[in-house]
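Each in C-alpha cells, the structures are laid out below.
Shared between the two complexes below is subunit A, which pairs with subunit B and subunit C, respectively.
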Partner chain A sequence: MRQDDLFLTCQKAFQERGLDLLLGYEKSSSGFLRPAVFTAPESLERISWDPSASLNLATYLPRFKSKKVGILAPGCVSRSIIILINEGQINREQVTIIGVPCRGLIEKRKLGDLEGVRLVEFRDVSFVLEKENQRRELNLEDYLSESCLSCAYPAPVIYDYLIQGPSREGSKGFLEKRIKDLTRLSPEERLLYFKREAEKCIRCYACRQACPMCYCESCFVESSEPRWLQAAPEPVDNLIWLLTRVYHLAGRCVQCGSCSRACPEGVDLMSLLAWANQSVFELFQYQPGLKIGEKPALGEYRLEDPDFFWGGGQTEGKKCCS
Partner chain B sequence: MLFLKLKRENFFQALGEFSEYALYVPRREGERVLLKETSLQDLPENLYFERTTGSAKEILFPQEETLFYFKRYEPLERPKLEDRKKLVLGLRPCDAHGIQVLEDNFLNLEPVDVYFKRRRENTLLVTIACSQFEDNCFCDSLGLGPDRLNGADAIIYDLREAVGVLSRSAILSEKLKGYAFQFQEVENEDQVEKGEVPRRDPEQLPILSPEEYLALISEDKLWEKISSPCLGCASCTYLCPTCYCFDLQDVTYGPVGKRVRTYDSCMFGLYTLEASGHNPRPTLKERWRQRFLHKFSYIPFLEGILGCTGCGRCIEVCPAGIDLREVIKDVAKFKR
Partner chain C sequence: MEDFEPKIIAFLCNWCSYAGADLAGVSRFQYPPNVRIIRVPCSGRVNPLFVLKALYEGADGVLVSGCHPGDCHYQSGNYYARRRLEVFNNLLNFLGLNPARFKMAWISASEGAQFAQLVREYVQEVKDAGPNLEFVREKADLVRFLNEAR
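Here is the complex of A and B:
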C-alpha cells in the first residue's frame, strides 16, 4: 500500500462525496497510529494506515449520525459497518467506506519490555523499533493480535473506494486453538480461569467504549432500577459484566480485537467472544457482518432453528459447543 | 527533615525494625505490576522496582470501600477502621505527588475523611528516586523531578555503596538512626546528596497559570478538538494518581445493606446526570474540559500544586491514543 495512494484516494473521496469528516489514523509521537478525525481535505496529509493501529474506527460512527462520514476500513471495520447498518444505527448513504488492505494489527502488549519504544517503519514481513538509538527488526507475525491471527476476512467486505495492497490470508476465525484448550478443561477449571480474568477488571469500560457494537445510549451497568450489578469491581460483578457483554455480542461480534487491545489490565476478552460466535455459527450457520440487509441471527426466528434447549426440534442430539 | 546515610546491608537490617508493619512493594504478576505484600527476604538487592500499572492511590483510597452497614430499624454501624500498619516501599516520586493531592482533598478540607485519615496514619510511604525515565513519563517537563520527596514520608537515593534516606517521618528517622553511619538535619531537600539522578533535556511544556487556564473555559472549539477522538472510558481517570472522584451506592440485601464508595469518573455521562434527566455535561467536550481544568486550574488554584504528576499512565492506556502532553500544547495555543 502506498502512502500517496491513500492520501489521494481519501482526498478524492472527501471532495467527491462532500464529506463532513473522515475517520482515519495518524502517527503519534511514538510512531504508532492513533485514531484521528479529519475535518478538512488539507489535513489528510497526516492520514496513515499500517499494522500499528489498534481501535476499530466504526466505534465512532453512531456519534456522527447527522453527518456525512468517510472511514478507513479493513475487513473487520467494514463488517462492523454492515452490522451497524443492519441494526439501524447508521445509513449506508451517509458512510463512505475507503477499504484498506490489512496485514493484521500489532498487539502492543506482546511487545513486553519493548513497549514504549519508537516505531520506525514497516517492511514486508517485519517492522523496525528503536529504543535509545538501538534498532531492532521484529517479525510482524509474532506480534499480531490473536484476533488478527484467526481473522476470517482481513480484506474489506464492502467499500466505495479501495486502496490496493496485500492483505493477510483469511482463516476460520474462531480462535480455534484457544477454544480447544479451554474446552479441554473441566467446567470448574474453566470457571476458575474466567474468574481469575475477571478479577483483573477495573470496570473502566474501555472495552465497551472501544467496541463498535456497544452503541447503547444507556448500558445495563448504568441502570439503577433495577440494579443488575454493583458499581464496585467485586469479582462476581466483574464476571457478570464480562459475561453479559459476551451474551449481548453473540453473533454480532466481528472479533476485531478492539476491546481486547483497549483493556488496560489485559483481561482475556477474546476467548469468550469467539466462543459465543462459534456457538451462533454452529447453531444458525450465521456469521455477522457479511451482507447488508441480513437480519441478526438472534433477531430472527426461523422454523428450522435448532431447539435443543427444549429437548426437541430438528437438531436432535446437537449440543451447543460442548 | 533528617538525611541519613546507611551502608547497604545496614539498610536491609534496619527494615527489620519495622516488624509490626506489613511490607508492600511493586511486584510483577503477568502483564501487570501490582502493590503486593512481601517479606524482607524477597526484597531485590539493588532496590529496583518497576512502576505499578495502576496508581499508588489504591493503597490509601481503594477502588471499593464500605463506609457503613445498615439494617432496618437499627442504628448505622461503621466497619472497623483498618488499623493494619503498612510500610510501602518502592513507589516513585510521582506516586508521592499524587498522594499529596489526595491528602489535600481528603485531609486538609472539611470534613476530614476518617477512612483515608486512618489509612494514611498507618502507612509509611517510602519512595525511591527514579534510576531512569519510564516510557511516556514527563514529570521533568512539568517542573517536577524524579528525585523529589513530594508527599512521601521518606525517599531513598542510590549512593552506590550507601543508601541515602531523606525522611520527614519521626518514626522512620528514629528507627533508621541506629543503623546510619551519618545523619544530619536538613532544611531543604536540595541540600542532600542524591547520587546519580537521571537528567535529560526535558520536552518543554507550556504550563499556564490557573487563571489563564480558567479563562479558556468557554473555548468550545478547543475542547471539541481535544475530545474528538476520546471514547469516554475511564481508563485514564482510574489509573490517574490524582483522580479522587467517587460514587456512593447502597448495596442492599432485603432489609440489610451497606453503603459503598467506589471510584467514579468525570469521563462517564452518568457522573453528572441529574435525576430530572438533565445533564450539565452532556458530551465528551464538557467532560474533557472538566478533567483538564480540574488538574491544571482548580487543583493548582485550591491546593497550590499541579493536579498532574507527569507519570504518563493516561498516555499509555488511552485506547484512542490521546497524549496529554500534546493536549497541554494544544490548550496553550488558545491562550489569550
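Here is the complex of A and C:
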C-alpha cells in the first residue's frame, strides 16, 4: 500500500462525498499510529495506516450520527460498520467507507517495555524498532494480535473506495485452538483460569470504550437501580462484568481485538468472546457483520432452533463445550 | 454436607410455569421446599443478569421456566428466551461453573406433576453439587481470607 495512494483516495473521497470529517490514524511521536479526526482535506497529508493501529475506528461512528463521516476500514472495521447499520445506530448514506488492506495489527503488549522506543518502519514481513540509536528488526507475524492471528476477513467486506495492497490471508485457528485447549481442562480448572483472569481486571472499562458494539448510553455495570454488581474490582464482580459484557456481544462481536489491545492488564478477553461467537454459530449458524439488513442473532428466532430445555425436544445431555 | 438445604431461585412465567407450580400445590404433589419462586410476565423477560445476580447474592441454583415453544402468551417470548438462555448457558459452562447452578425448563399450566418432578430432580442435582461458593461475593471473600490466613 502506497502512502500517496492513501492520501489521494482519502482526499478524493473527502471532496466527492462532501465529508464533514474523516476518521483515520496519524503517526504519533513514537512512530506508532494513533486515531485522528481529519476535518479538512489539507490535513489529510498526515493520514497513515499500518499494522501499529490499535483501536477499531467504528467505535466513534455512533457519536457522529448527524455528520457525513468517512472512515478507514480494514475487514473488522467494515464488519463493525455493517452491524452498526443493522442495529440502526448509523445510516449507510452518512458513512463513506474507505477500505484498506490489512496485514494484521500488532499487539503492543508483546513488545514489552516501550519506554523510549520508536517505531521506524514496516517492511514486507517485519518492522523496525529503534531505542537509543540501536535498531532491531522484528518479525511481524510474531507480534500480531491474537484476534488477527485468527482473522477470517482481513480485507474489507463493504467499501465505497478501496485502497490497493496486500492483505493478510484469511486464517482461522489461533483462538479456535485456544478454545479447544481450554475445553480440554476440567470445569474446575477452567473456572480457576477465568477467575485468575478476572482478578487481573481493574475495571477501567477500557474494553468497553474501545468496543464499537458497546454503544449503550448507560451500561448495566454503572446502573444503580438495580445495582447489579459493585464498582470495586473484586474477583466475583469482575467475573460478572466480563461475563455479561461477553454475553452482550455474543453474535455481535467481529473479534477485531480492539478491547483486548486496549486492556491495560492483558485480561484474556478473546477466548471468551470467540467462544460466545462460536456457540452462536454452532447453535444458529450465524456469523455477525457479513450482510446488511440482517437481524442480530439474539434478536430473532426460528421455530426449529435447537432446544436443550428440560421438558423440551433434546434434553438428553446438555450441550457443553463441544 | 448431608444437611445442606440449597436455596434455589425459580423464575417462572406467569402464564404457564407459575400456573403449573400452582397446580402442583392445588393437587398436593409433594416437592422439596427449597425453591423460592419469582413470577415474571414471560420467560422472555428473564435477563441473564437476573441469574448472575441471584447466584451473586447467595442462591445455590437458578431455575428459569416458561411455556413450551409454541404456547407463549405473547407468541414469541419463549423463542427469544430459548436462544438467549442457551447461549448464556453455553457461556457459563465454558467458564467452568457447575452446570447445576443454572437450569432451564419448559412447564405448561397443566404440568403440575412435571413441575414437582422437575423441582425434585433439580434440588437433588444442586444438593450433589454442594453450596455455591464460586459465585457469591461474601463467601468468595471468606474463602480468600481463610486461604491467606493459612
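As a working rule, the second predicted complex is superposed on the first by the 303 of 322 C-alpha atoms of A that agree within 3 Å, B and C clash if a C-alpha of one lies under 4 Å from a C-alpha of the other, contacts with A are read in each partner's own complex, and residues count from 1 in each chain.
The definition used in the following text is that a residue touches a chain if its C-beta (ideal position, glycine included) is under 8 Å from a C-beta of that chain, and two chains touch if they have at least 3 such contacts.
Keep in mind that this is a model prediction, so the values were computed, not measured.
Asker: In the superposed arrangement, does A:E265 touch subunit B (first), subunit C (second), both or neither?
Answerer: First partner only.
Asker: What's your read, subunit B or subunit C touching more residues of subunit A?
Answerer: C
Asker: By the touch definition at the top of the document, which applies to A:A231: first (subunit B), second (subunit C), both, or neither?
Answerer: first
Asker: Touching A:Y301 in the superposition: subunit B (first), subunit C (second), both, neither?
Answerer: In the superposition, A:Y301 touches subunit C alone.
Asker: Contacts for A:A206 in the overlay, against subunit B (first) and subunit C (second): which applies, first, second, both or neither?
Answerer: Touch partner of A:A206: subunit B, not subunit C.
Asker: Touch test for A:T244: subunit B only (first), subunit C only (second), both, or neither?
Answerer: Only subunit C is touched by A:T244; subunit B is not.
Asker: Could you give the residue numbers on subunit A that contact subunit B in one complex and subunit C in the other?
Answerer: Residues 230, 234, which sit in both footprints.
Asker: Using the touch definition from the top, list the residues of subunit A that touch subunit B in their complex.
Answerer: So the residues of subunit A touching subunit B come out as 28-30, 32-37, 54-55, 59, 109, 115-117, 200, 202-206, 208-210, 222, 230-234, 258, 261-262, 264-266.
Asker: For the complex, give me every residue of subunit C touching subunit A.
Answerer: The contact residues of subunit C facing subunit A are 48-49, 52-53, 56, 65, 68-70, 76, 79-80, 82-84, 86-99, 103-107, 111, 114, 118, 121, 134-137, 140-141, 144.
Asker: Show me the residue ranges of subunit A that touch subunit C in the complex, using the header's touch definition.
Answerer: Those in contact with subunit C are residues 182-183, 185-195, 220, 226, 228-230, 234-237, 239-240, 243-244, 246-247, 250-251, 272, 275-276, 279-280, 283-284, 297-299, 301-303, 305-312, 318-321.
Asker: In the complex of these two chains, what residues of subunit B are touching subunit A?
Answerer: 30-32, 53-54, 63-64, 134-136, 228-229, 231-235, 237-239, 247, 249, 251, 260, 262, 264-265, 268, 270, 316-317, 319-323, 325-326
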